[in-house]
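Heads up, the next two complexes both have chain A, just with different partners, chain B and then chain C.
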Partner chain A sequence: MKPEELMTMMEKARADTFEHELRVCTESGCMSLQSDVLQKALSDEVKRRGISDKVCVKGVGCMGLCCNGPLVKADKAMYQFVKPEHAPAIVEALATQPIKELLCDTQQPFFTRQKLVVREHFGIVDPENLMDCIAHGAYQALLKTVTTMTPPQVIQEISDSGLRGRGGAGFPTGLKWATVSKAGGTTKYVICNGDEGDPGAFMDRSVMEGDPHRVLEGMAIAAYAVGAENGVIYVRAEYPLAVKRLTKAINLARRHELIGHNIFGTKFSFNVELRLGAGAFVCGEETALIASVEGKRGVPRPRPPYPANYGLFGYPTLINNVETYANIAPIINKGAAWFAQIGTEKSKGTKIFALTGKIKNTGLIEVPMGIALRDIIYDIAGGIPDGKAFKAVQTGGPSGGCIPADLLDITVDYESLAKAGSIMGSGGMIVMDETSNMADVARFFMEFCMTESCGKCIPCRVGTYEMHELLDRICEKRGTPEDLQLLKDLCDMVKQTSLCGLGQSAPNPVLSTLRYFEQEYQNLIAEAQAARGQTTHADTSEHIELEVLP
Partner chain B sequence: MSAVTSTTQSITLTIDDKAISCRSGETILQVARENNIDIPTLCYLEGLTVWGGCRLCMVEIAASPKLHAACATECTEGMTVRTTSPRLKQYRKMIVEMLFAERNHVCSVCVSNGHCELQNMATKLEIDHVRFPYRFPHLAVDNSHDYMRLDHNRCILCLRCVRVCGEIEGAHTKDVKGRGVLSAIIHDLDEPWGDSQTCTGCGKCVNVCPTGALTHRGTAVGEMTKKTEFLPYLTLMREVKL
Partner chain C sequence: MSTATILSKPPTEDKRWKIIETTMRRNDFQPDALIESLHSVQQTFGFLDVPSMRWVAGALKVPLSKVYGVATFYHFFTLKPQGKHVCVVCMGTACYIKGGKQLLDEVQRHYGIAEGQTTKDGELSLLVARCIGACGLAPTAVVDGQVLGKRSATELLAAVDDTLGRKA
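Showing the complex of A and B:
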């Protein structure tokens, strides 16, 4: 595609407007509530009335408030809990007043306190329709990059923006790109890590389902910056819809020569292929992911050498998370300075969080870095339902930790969360109320780590099993004070000696619950001891009769 | 005559307060062993690719908050390494204790009793009891091969057998199935060893196995001694150089 063609396409697509638009969320959350049936019902209704030229029905990305789904946007009004049988009424109401019973308040803090950067086109564009995406500015950043910027300029721009990896560790993205660009050799790879596996996290899935072209565009820009010609998107096979949308997006982009050879008539070529994960959480770790793409058993290897120097098939490789790539296009379009003014001094931009657990509004939010945790829990998420009290929030999934009520005023950024004993992680937030027992929470996450440990290194393979066994004893009221001490020793050892991030962070849920809620562990052990005292007493009072055989 | 140029450079470093010189590209473990400094290992075997799984060779490097696996860390100029400390000793002890708790290692009835690297390691690290809950898994013994035997109960998953089979013999009969504590050594596509079409019967796996997991059939308690004469030549036996 020539640069002019993209502009003509954009203008043409923008001219194609309808009087009314009905946008139905067609991401996994709402789809599970039959939003695809609803979308069909709406288009049938529109066809039946013969107003197809005036009303456009389209499937769009996630609008955030998943707990009230399926969500439908009818022009300016947003409807919640929509069922297929509401279709005639909704189409009817387009010409008149919105239906009051179905209306969802878009002025509530859940919507007003968000800042959309990555998700700016969610709920607006049809992810399966390239023309629609182009109408909203897709591939403009790529055009700008390859036609007006040099690779060092792109890297400088990303460094200036202060963007940090959204996969969890928060490594500066610009620095990573610079490292790969400086690695020798002409063959390089760019990998998109879409192996999101944390319990309670679905940000990357949403981005891949809701705006796949933005991920592709980010990858292409990254490839241009580091000098790579090949890209791999690694998605877990448990995300069939994301796989379908990405496949479609790649095919469409390839057909329109937005990826492929000599993009926009320049010397830059970029090819992408999709690889599916086979259900191992550890393949989110970069070296294990590379092994998996190479067709080997998905186990991590010791670093260094880092993938930046020795990655896929031994070539320098850039690995970033889905959300990181999705941040690239806005940075290029609006400039590093614009991006850098969002967020805190060391954590720039916005972060998507998946809100789950004991809160009123579960779903997906995008907030600027530096927002207070309290604002997220009580304002955006609407607090704890059923009049229960807040107890803790787990951030970062099984690699993170819990944050108790008295630390709710901390701000959400990489440093503050680390200081509180948790991590930013990929963005899962699981809220727990007073009914949750924290030792049980730790046991849940440890069970996850135990079943997901690859088995390569002994501390993680056996250590997670032993920690789970000890937690099980404590939770089932069979624990002793020695068990608790052993658990603490194990946490320290597994953290220090494990090979990869999975093992090194597996003890975090235990360590953080011990840090803030050790009393709960002590109580369980005290109960166990009390019960044991009673049974011992009962045992001695009973006589065992032995029969002597001749 | 122009000066001889070489890509390898000499490096000086300190291991356990001892000033040592080595070539660039050499690992801490190699250099330490060359200088008679003992770092315990179970999965490392010279000539096989570095695995980094047993974590016994973890060492402290000055000015680094993390521990490093000596087998996988290359020496750098001016590095100060400490191969033993109360903390490292404690961790190593725990790792070996965990191995004993993981599967059914009963030395008194083991064919390798007295010739076992795991047993020797436990003695060396002064392990007199295991603090962890035992798993007591139900594991099979593969006795289907004509003259070799795989006892999963005694396997520590060091994967020396898998590596020697793939890298030296070139058969790649052995690999791993499952994950976490449920990982296990398999032959071909998880078939009985005796049915394997790819196994050449070379017996290298038996001789590199540190425990009594891979043994010759027909050995009684304590009778299984491994032939280790060929081990120093593993590097020479490789087709693909490291």
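Showing the complex of A and C:
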């Protein structure tokens, strides 16, 4: 495709407007509440009335408030809990007033306190329709990059923006790109890590399902910057809809020569293929992911050498997370300075979080870095339902930790969360109320790490097993004070000596719950001891009785 | 194991082997297409049996031991045939906090099968997922590919019974 063609396409697509638009969320969340049936019902209704030329019914990406789904946007009004039988009334209401009973208040803090950068087109564009995406500016950043910028300029722009990896560790993206670009050789790879194995997190699934072209565009810009011609998107097989949407996006982009040979008539070529994971949490670790893309068991290897120098098939490889790539296009379009003014001094931009657990509003939010945790829990998410008290919020999944109520005023950025004993992680936020048992939560995560340990290094393979046994004993009220001490010692040992991130961070949920809720562990042990004391006592009395009555 | 145990042509006359062959051809029969090929086998036949692994090993020139290693390493692959219908209960963190365990217990009790097992009549398999990414609607389950969000144990059992053609 030539640069002018993209502009013509954009103008043509923009001119193609309808009087009314009915947008139905068609991501996994709302789909599980039959939004696909709803979309069909709306289309049928529009056809039945013969107003297809005036009303456009389309499937769009996630609008955030999953707990009130299926969500439908009818022009300016947003409807919640929509059922297929509401279709005639919704179409009818387009010409008159919105239906009051179904209205979802878009002025509530859940919507007003968000800052949309990655998710700016969610709920607006149809992810399966390339023209619609182009009408909203897709591939403009790629055009700007390959026609007006040199690779070092692109890297400089990303460095200046202060963007850090959204996969969890928060490594500066610009620095990573610079390292890969300096690595020798002509064959290089860029990989998109879409192996969102962290239970309770679904931001990457949403980005891949809701705006797949944004991810492709980010990858292509990265490839141009580091000098790579091949890209691989590694997606979990558990996300069939994301796989379908990405496959379609790749095919469409290829057909319109937005990826492929000589993009926009320049010398830059870029090809992408999709690789499916097969259900292994450890594959989120970059060296394990590379092994999996190579068709092997997903087992990590020691670093260095880092993938930047020795990655896929031994070639220099850039690995970034889905959300990181999705941040690239807006940075290029609006400039590093614009991006850098969002967030805190060390954590720039926005972050998407998946709010789940015992909380009123569950769903996806995108907030500027540096927002207070309390604002997220009580303002955006609407607090704890059923009059229960907040106990803790778990961030970072099995590698993260639990943050208690008295630390709710900390800000959400990489440093503050680490200081509180947790991590930013990929963005899962699971809220627990007073009924949750923290030792049980720690056991849940340990069971996860134990099962997901790849088994290569002993500290992780055996350590997680032993820690799970200990936690099981404590939770089942069979624990002793010695068990607790041994658990603490093992945490330290596994953390210090494991090979990869999985083992090194596996003790985190235990450590953080011990740090803030040790009393709960002590109570369980005291109960166990009391129970034991009682049985011993009973035994003795029986024994004495036997002596008294021969 | 001698190379004789590696099959040079599809294990049976079944025409569906063509699907797997197409997947492998698209990847130029490169060893790195192993996971893709196994996905293709499982999608077509529902599980990975030894003859299919032997054939894939031969076609991609990968040792059978490695194929078996990959097939058993990843949770997604199963070496046992599945029931006609499949119920997957999500046990991700959000679902666990919201009572996914109770859903699982109820399904286990009602149909008399543990996770990973299939009923004797081969009608229903029960599986557990790590996280299906619909955490906003926890607790969730997947019945024959259809994601069901915010379901109570009773509602889930009704949905499964419905799928099995039994009246709840």
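Quick notes on this one:
Simple rule for what comes next: the second predicted complex is superposed on the first by the 539 of 550 C-alpha atoms of A that agree within 3 Å, B and C clash if a C-alpha of one lies under 4 Å from a C-alpha of the other, contacts with A are read in each partner's own complex, and residues count from 1 in each chain.
One rule holds in what follows: contacts are C-beta pairs under 8 Å (C-beta built on N, C-alpha and C of every residue); 3 or more make two chains touch, one makes a residue touch a chain.
Quick caveat, the model's predicted, so the values are computed rather than measured.
Once the two complexes are overlaid on the shared chain, A:S436 sits against chain C while remaining clear of chain B.
By the document's definition of touching, of the two partners only chain C reaches A:T362; chain B does not.
Shared-chain residue A:S159: touches no atom of chain B or chain C. In the superposition on chain A, no contact is made by A:N271 with either chain B or chain C.
With both complexes superposed, C is the one of chain B and chain C in contact with more chain A residues. Look at A:V462: by the touch rule set out above, it reaches chain B but stays clear of chain C.
In the superposition on chain A, contact is made by A:G69 with chain C only, not with chain B. When both complexes are overlaid on chain A, the residue A:T247 reaches neither chain B nor chain C. Applying the stated contact rule after C-alpha superposition, one finds that A:A280 touches each of chain B and chain C.
Shared-chain residue A:P199: touches chain C; no touch with chain B.
Residues common to the contacts of chain A with chain B and with chain C across the two structures: 280, 297, 452, 454.
The touching residues of chain B, when paired with chain A in their complex, are 50-55, 58, 66-67, 69, 72-74, 90-91, 94-95, 98-99, 101-102, 131-133, 135, 156-157, 175-176, 178-183. In the complex of the two chains, the chain A residues touching chain B come out as 280, 282, 297, 301-302, 304, 450-459, 461-466, 469-470, 473, 486, 489-490, 493, 496-499. Those residues of chain C that touch chain A in the shared complex are 30-36, 38-39, 60, 62, 66, 69-70, 73-77, 91-94, 96-98, 129-138, 140, 145-150. Interface of chain A with chain C (complex): residues 28-29, 31-33, 66-67, 69, 196-202, 205, 237-240, 275-281, 292-298, 313, 354-358, 362-364, 394, 397, 428, 430, 432, 436, 441, 444-445, 448, 452, 454.
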